[in-house]
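Right, one structure below, let's go through it.
The letters A, B and C name the chains in turn, as written, and every chain counts its residues from 1.
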Amino acid sequence: MGTVVSVSDVHKTYRQRRPAKDIRGTLRALLRPPVETVQALAGVTFGVDAAEIVACAGPNGAGKSTLIKVLTGLLVPDRGIIRSLGVNPTGDRARYVGRIGVVFGQRTELWWDQPISASFEWRRVVWNISQDTYGRMLPIVCRTLGLDETWNTLARELSLGQRMRADLGLALLHEPEILFLDEPTLGLDVLAKRSILRLLKQINREQGTTIFVTSHDMGDLEQLAARAILINRGRIAFDGSFQQLRRAHGSQRRITIESPVATPPAIDAAHLVESRGEFHTYQYDAQRTPIQALLDTFAISAPIVDVESHPVPIDDVFADIYEGWQSEARVRSVPSPSPDRTASAVPDGSRGERDRPD
Amino acid sequence: MLALWRVHLFLDLIFVLRSPERAIVYIVSDGIIASSAVAGVVLLATRFESIGEWPASRILFLGAFGVLVDGVVASFFQFNVAFLSRRIGRGQLDHSLLQPQPLRQCLLTEGFAPLSGSGSVLTGIIGLSIAASGLGIVITPLWMTLLCVHVVAATAIAVSFSTIWATLAFWSPRGAEEVSSAAFDVVTGLKGFPLDRVGGALTVALLTVAPAGFVGWLPARVLTASEPSVEALVATPLAAVAFAGIAILCLRLGLRHYLRTGSWRYTDFGHRR
Amino acid sequence: MRLAARSRAEGGIFYGFGFALSGLRVFILIAIWQTLVEGGAEVATYSFVALATYTILAEVFAEPLAARTELRDTIWNGSIVGRTLQPVGLVGTYTAEAFGRWSLRFMTFGPIALGLGAATGHLMAPRSPLPVVLLSLVLAVTVGLAIEFIFGSIIIGTRSNVWVIEQLRGATAVLLSGQMIPLALLPWGLGDVLRWSPFASVASAPLTLYVGTSAAIGTLALQTFWAVTLWLIAGWAWARSRTRLSALGG
């Protein structure tokens, strides 16, 4: 299995027009609008192997959408080299996009005033999908994504979740070699999410489709992908497995204790995250504090009915990381005589060993 | 491209058959809207029996030709293909760039909706027939060929002109979002006027920077003249080639810029609907 | 109002191209009038200067004389629903936004067109007292906005296609209102019939008062009649349609 996507030292800068503050500024802006430069990607380098599933995450404005756009050929980077399926995405655009599938969560490819069936027929013709492939993929896609019930429904009458499923079905119809997904589970209910994730893993396993996905739903990403790339301010802040990400963040775990006390006791080595009725959740560092010690401390003050230990939800891990980055940015932006950099949970530029899928 | 036109015809057929009453409303209203743009001048000519050297029947021919061109545009360039600045300004161009076909092929086929766009075509043909009868024009195969050539050329000029302006949206997506519809308005709003007496400078302007003259006046002059000169016969087709060439050049420049800057905006307003 | 004006202006200088196109339209129509009114003759009581003035003013005041708001766009894209959650009246909001958008045209295209018209002798002084003309303009906008909200109610109430109704209205209103061609110049006595319609009160009324081809009292009375009648209808229709409001998009 070789590398199908290679990104090398890619930079991308935007110039954005700033709104004027007053009437005079507005009239002046008619002739010379004020602009601001934004660095969306600053020296991004990584590779993706065939049949790999890579999750890309980062706070809003980190550069994820820009990255997807340069990978799908919608944007030319200012500097750097991108090779995907052996070609420059913008160089041979028409042929390249025929080999990939792209789903942007907020943008439907369906024809608004047409039933889904018509959009699929349109797709078959425009993508020049053979009858064999169409005949094979259509039932799979319809069954797995539950499109049968809405097959003859107009796109404008579909819910967001139904539209998303149809869009994903469109993207899979021509058996793409790489699938680029930007927020694919946006607006979906739990069952729909599960079926989509199952389908994505299935096509990855059976057809060797490489998948590159961005999302704010970290739980989905962790279920789907073996590898995570974190982007912060246009740079890769982390590239490795989710386990490595957790380790880099610290060996935080949570323990939920069921105990019939209204006010849970304070524990030195842990902090109370949540208390709901008889269920009290604490977060602690598993490397420093053995769970037995925690339970012993709790038991002194209150009886224990049941215990559940689990890792910190990945959403909270990411939230802590983003918060750390934001505090760093605030510290850097405030001039001080002796700059004191707050250590981020994940140091910028850290690289974990990539766990290669079996 | 034939396969693509076929599938878009299929989509248009579904749309029309799904609700025939609604389709009829679209088609009829299309004809009324297109006719309204030229009705003022036709009514003026009727009131005064002529405008300059143009008798009322010839003005009707002029107006009907313009309406027919409107209809051809609506039949081949719907879904904002004729108003490309809307697609560009709203960030919808990515939808076309993610298709495995050249952009020109996409733009030449995705707007094909001959059934729902037929209102103006039918109205134009009816108007032309009445006007031709009033002028005593003998309909020969040669004359029909000339008519078709000029309709295609005028359509190309109108769409190219709109596209040239539309490329401004690459540099100013929000400000120029409606610029191609404004440009198209100039052509459609002025196409029904006879330009014989408007003066040299203005005539030149209406055959260059605002080519409404090619979308009505000049073709109507040629088609209603007893012996049109060779220059007059080839002027509109040649202009079509020139405008199309400029439009393609501007699009290429704009696309190069777009691939560097992308689009920060996105609304699906009007996308494939 | 300020937000709407600024939103339009932030398009930059490209917004001005729309003005250039308006100018071209004025220029061509004036040339047409020159063709029709040869040697200083009058046409249906209109002199050449009167026709030229009519055309210039119709273009400068094109937006208020059409009285279009964001209503159709917000119905179509469904954002009207969000506006119903705002603690301000819908009618007032739409009207204020419309005035904001119109103000940009007044500040930019208006002075240029009026200045050029006056400098070239194509713009005459008002033949009716200016307060009368201004009052007529206010009434015209009032009638226009009432028509706008009645049409909006029809669209909401009948769930009809927004664009078909709006385009039909737009295309026919320019002709029926006398905004492009003075109604007196239409054949078969059409103008005599159409001048009684509410559309004529929106455009033809203030323009004909300015160039002196209509009587002040009759014109103002008719505009007042339509303003009162249509706002009563608009109020009733709008209240009814609010209960049937459904977003047609989004």
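Assume contacts are C-beta pairs under 8 Å (C-beta built on N, C-alpha and C of every residue); 3 or more make two chains touch, one makes a residue touch a chain.
This one's a predicted model, so the numbers in the text were calculated from it and none came from an experiment.
When C-beta pairs in contact are tallied for each pair of chains, B-C comes out on top. Of all chains displayed, B has the C-alpha centre closest to the centre of the whole protein C-alpha set. Set against the C-alpha centre of chain C, every other chain centre is closer than that of A. Chain centres here are Cα means. That of chain B falls 26 Å from that of chain C.
For the pair chain A and chain C, the distance between C-alpha centroids works out to 50 Å. The distance from the centre of chain A to the centre of chain B, with each centre set as the mean of the Cα atoms, comes to 45 Å.
Residue numbers of chain A whose C-beta contacts span two or more other chains: 156. Contacts with at least two other chains are made by residues 10, 12-13, 15, 249 of chain C. Contact of a single residue of chain B with at least two other chains is seen at no position.
Touching chain B in their complex are the following residues of chain C: 10-15, 17-18, 21, 24-25, 27-28, 31-32, 34-36, 43, 77, 161, 164, 167-168, 170-172, 174-175, 180-181, 185-188, 190, 249. For chain B in complex with chain A, the residues that touch the partner chain are 3-4, 6-8, 10-11, 14-15, 94-95, 97-102, 259-262, 264, 266, 268, 271-273. If you check the complex, the residues on chain A that touch chain B are 14-16, 66, 69, 72-76, 78, 90, 93-95, 97-98, 102, 104, 106-115, 118, 121-122, 125-128, 156. Residue ranges on chain B touching chain C, taken from their complex, read 22, 25-26, 29, 32-33, 36-37, 39-41, 43-44, 46-48, 51-52, 165, 168, 172, 174-179, 182-183, 185-186, 189-190, 193, 197-199, 202, 205-206, 210, 267, 269.
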